[in-house]
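What follows is a pair of complexes built around subunit A, which joins subunit B in one and subunit C in the other.
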Partner chain A sequence: MNAPGPSSLTQARIDDTGDAGTPPARERGLKALSTWARQPGFLLSLPALAVFIAGFIGPLALVVLYSVMPARSFGVDNLPTLENFVTIFQDSYYLSFAWSIGLALATTVILMLICWPVAYGLSRVFRRSMILTLLLVLPLFVSENVRLFGWVLTLLNHGILDGSLRTLFGWEVPELLYNVPVTILGMVYVYLPFMLFPMALGVSMIPESCREAAFDMGATRSQVFREVEIPLAMPGILIGALLTFVLVLGSISEAKILGGQSVIMIAHDIETAFTYAQNWPLGSALSTLLILLTGVLVIGLLSKLNLDKLLSRK
Partner chain B sequence: MSETILELKGVEKYFGDFVAVERINLSVKDGEFFTLVGPSGSGKTTMIRMLVGMDKPSRGDILMSGERVNDVPANRRPTCMVFQSLALFPHKSVGENIEFPLKLRGEAKHNRKTRAIELLEQLHLSESYYSKKVSECSGGERQRVALARALAFDPQILFFDEPLSALDYRLRKTLEKELKDIQRRTGKTFVYITHSLEEAMVMSDRIAIMRKGRIVQVGTPDEIYNNPANGFVAQFMGEVNEFRVSRKDSQWLEDTETGAQYPAPPDSPVDEGVLIVRPERIRLLSADEKADSTFEGVVEHQYVLGSRVQYQVRVKERALLVETMIGQPFGVGDSVSLGWDADQSVLMSE
Partner chain C sequence: MSKFNVNRRDFLKGMGMAAGAAAVPGTLWSNPGWAASADRARELNILVWEGYNSPNVLDPFRTSFDTKVSAQNVISDPDAVNKLRAGETKVWDLVNLNNPWAREMLYPEGLIKPLDQDRFRPYFDRMLEEFKWPYKWAMSLDQKELLGMTQRFGPLSFVVNTDKISRATAEDQGFNLFMDPAMKGRYGMLTWANWNIYHMCITAGFTPFKEHTEAEFKEFEKVARYLFKNAKLLSDDHLMMNQALITGSIDAYFTGGTYSCSIARMDGFSNVRGITPKSGPINGKGGIVWIEVTSVVNNPQLSPRAEDFLEYVQRPDVSKQVAFAEGSHNPVTQLGMKEVRDAFSKEELDAIQYDSLEWELEHCADYDVNPDYDRMLEIYTQARREA
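Moving on, here comes the complex of A and B:
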């Protein structure tokens, strides 16, 4: 690959604009394409682009391709069919989708409520104290499953909580594990940082003077919150919500380990289809639907946000 | 224009051991344009924060229309401030910004819009600005929007925290005059903070000069210019010639460093102190002109200030600053005679 120096770049620009005669459209198109392809930015991005295509776009395309193959086939050389998607809606798979979406919504809402005051404190009272941030980030260095089993040991019948209360006070603690609330607890616990930090960034974007100005013009505490703080912190809130929603949508361990499969998440169905059921096309169809759902959400939200602006401030 | 709307009695503010302002006694009359001037660190921002209710005084009382408001928070005071940063809401349009105080009061949408457009007009912004984003407005337009928003609040006292300091010279001059004009038309009390005495002079009915947390002098622009209370006030206005002097007799003062003699300002009770002569009060004299004191000197430097010109003239051991209209027939190295009349100088004990 010949790295173009400044001279060849200049040359390309002259080629592009300096043509006196007007060659046929096709020729001009090719010329523009070759000019574009010779830009250093494009050439420098080629290696990364190759890795991206081979490692990300490729498998994704394969999944989509498998999703239109006949059930229980292991090749991609069959005639395409939509039978897997029909199966999804005829069998009870929509239930798993519903649970995943429902739990993702619940977790996101709960996290919003929990994280606002914490984010507020983190960015305003403690001024992004290193120690506090570290304490909040540290759990991320431990595997999610290990942390969830920690909760299991704590909440288990005759576990740390139950055992301690029984021994010390003789209190009987009812079964805490293997239900929906404890599943949500696990999700809230695991995904808290993903809501907290974007939100703290959002809160730190509210100029103090705007808050004071609103107050000065007679706003009550709740009016400042509604009219100034929430809208100005909105980019951070949305990013946090998006992250947690998408992560919970694809999560599997919380429902398995803490929930004891009292609810089946969609990720669990996908895993079963690929492994136990040996039905790759069905698993692919489920994955494709999930990816579509997530993609629409992410693209829809991100198109309304200016990430560059958010991250370049302060 | 007679009733006292704002009164400070022995107001002090400490931050830990640091004394931000102390022993402030002040009263502002209804309908007055009052300006607090001081260099940075003089405590003027602390003052205005206490006046709008964002900080509480550590001691003393703040009275508005005769009522003590020390413990009344900012959102329940009939005052409004235009911030240095303007604090316009970036997520709201120009119209929504102006309507904000009305919206808080639950005013109907239709009335709010009518009022907002009225205010836009009053501030020389066309109706099309109503739906513009704040980010689409220039610096001067933002100033006007911020002022419109404050006027929409309809405060009894309007405070300004150096809102013009970020603007370029010409725009600042225009807005200074506009602000004065609006104040006169609305009849509202304006309390303005700035570090520029020049800006204060243009707009104010009265000026209070602050230094290190205390008020040094309160007076009309005229009084402050002609009778500065001390050297600090005199210098604050711009460069001055200062001579350390002691009295020789009722007519003459003697320079304690050079022994030169200067005419004493009439009726001054001071016997020893600093004589201050402004550069524009010293005249370059032609052969047939006379002044109460006359000196011979040589022009050392010449600085053109636009319509005026400033000379640094060496008179024996001293370098004097002389400012005059541009177009004088003198240049660097020329010999000149200069002088001033006794009543053009100020003598103060320091």
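Moving on, here comes the complex of A and C:
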């Protein structure tokens, strides 16, 4: 058995006391903190900080707190429990998570493919044409639900598309609504600008000289695309993908309005828990898991990006 | 030299203080709860189902009583009850919910207060026969206190396109219509979960308004899974469901009635019809009728305009406005008065299916509480997710 030597705790106490004649480390730390807290910068930031804590951190903390409250309780003064998470993992909520993640992935990939040529055109060919940009931005000023109902009227039986084809050519269009593909169509349509504009920013970061140099050195069109353009535009592509993925993950209207609830998204389950079930803790636990999933993705991806570089176009 | 020696710092400090002082009262008064200390005689906060918040109903009251009326839509009965339980009795003056809540929960829990019977009893004499004094759902459990006033009501079972399924067939088959293999992919489900659960119980062959056995839960799950699996579309929007019915995407929808289809009927689609089954498991009845009861909240600083509003909506002209509020048209208990009936056109009476109203009421059980709602909702949401 080893005899105990001077323990780390004792050592810490020695460090903490410091040499005779100098103030202890704790006191020095407090003094530094107090000096820092009296800095005008910190004081001036206090109102904004208070708003941030009350309006952003506060609600999130409340959601997390509710998630560990007993099922169907309406206060946060009960003993914490993990029963809501157990219910989620034992029940079939994984299906809603799987559908949400699957549709978010599908939409993101489809939007990448659609937006690349458009972003390229916006940045290189049309040189950020005001009319084209306006055409792409204007739908954002119309409510998402209104736009989706526009699609419903278009794709409905005897709607604009079916009615026109019947009248003009006598063709009957099969039922286009209330399925998964039309849900994805709605998502692609609604979230297109969120992929397009970051991607266009990414494309505009590719110096023309780099492409020319690559061609001069004998690179093929495909090599320039894979080894020059994609890597240089990657920050924009990643931000667009992240925005799209996260927004689709929490979406609900497309699956409800166009898809006729042919799939149940996780946001729908959260809504049911908060409304019909009046089970706020279960809804909060589902929300917490969704926030966690989103947080991991955002932090993981943003750690690989240099936002300053992207936004300043250095 | 200037008399006021103000530097930039003092100016900013003064502006900050002024902004703070201006913002605080603004924030306080904008909250209905804090506003309680203001002149309550000139304001009224009501928590109501869609329709009572219509400008056609509220604006004349605002003008004649010189009162600021704030109305919030109820999302579901339990949601509104929980708001009051969570302390919002300080906020609201009136609450309008479906029939069982006032007598079975709100009053026993001290969330609403009784009405002055001398003032309100005479109005019951003018209502339709089924709602005359002492009307069960307006009274306390001991039948001594008057807890609220009734107005809108309506049978709610299911809706069909009578061009595809005749009214007689639908009434004869009742909810079994949806279990017919021939109906696979031909019907929609209006996903109002609480109502769906009631109707699934009836489809499974037992009343929703009792405690259920394990065998009944199993049967309920079987019905829920079958219905979700074979539905063509699901939506919580009754207008979308009517649209699908009119365009031929579906021939019927599960859960619906006058409340959900009257707008389409008013638009001329009289082939869209709410159906009440001829028979069923609730003491022989297969349909359910909801009745709204509007009660005075037990607010410590109640607006004196609360009872005035209850009286105001009983007026024949206002009753018509309540019945024909935008979003949904419904029968009202005041149809017992000739002048109210006369105010409706032939098309309007047809929209609310007035021709069959009496027959439907005879074949409907009153909406009530399902003691197994929570467990059935879990089964329901799981079945919907896994369909």
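Following the convention adopted for this analysis, the second predicted complex is superposed on the first by the 291 of 314 C-alpha atoms of A that agree within 3 Å, B and C clash if a C-alpha of one lies under 4 Å from a C-alpha of the other, contacts with A are read in each partner's own complex, and residues count from 1 in each chain.
Going forward, contacts are C-beta pairs under 8 Å (C-beta built on N, C-alpha and C of every residue); 3 or more make two chains touch, one makes a residue touch a chain.
All values derive from a computational prediction rather than experimental measurement.
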item: Touching partner for A:E175 - first (subunit B), second (subunit C), both, neither; value: second
item: Subunit B versus subunit C, judged by how many residues of subunit A each one touches; value: C
item: First, second, both or neither for A:S92, with subunit B first and subunit C second; value: second
item: Subunit B versus subunit C as contact partner of A:I53, first or second or both or neither; value: neither
item: First, second, both or neither for A:L165, with subunit B first and subunit C second; value: neither
item: Subunit C-contacting residues of subunit A that also contact subunit B; value: none
item: Subunit A-facing residues of subunit C, complex; value: 75-76, 78-79, 82, 85-86, 188, 191, 193-194, 232-237, 240, 243, 247-249, 374, 377-378, 381-382, 384-386
item: Residues of subunit B defined as touching subunit A within the complex; value: 52-54, 73-76, 79-81, 83-91, 100-101, 103-105, 149-150, 153
item: In the complex, subunit A residues that touch subunit C; value: 72, 74, 91-93, 95-96, 152, 156-159, 175, 177-178, 256-257, 260-262, 264, 269, 272, 275-278
item: Sites on subunit A touched by subunit B in the complex; value: 207, 209-210, 212-220, 223, 227-228, 231-232, 234
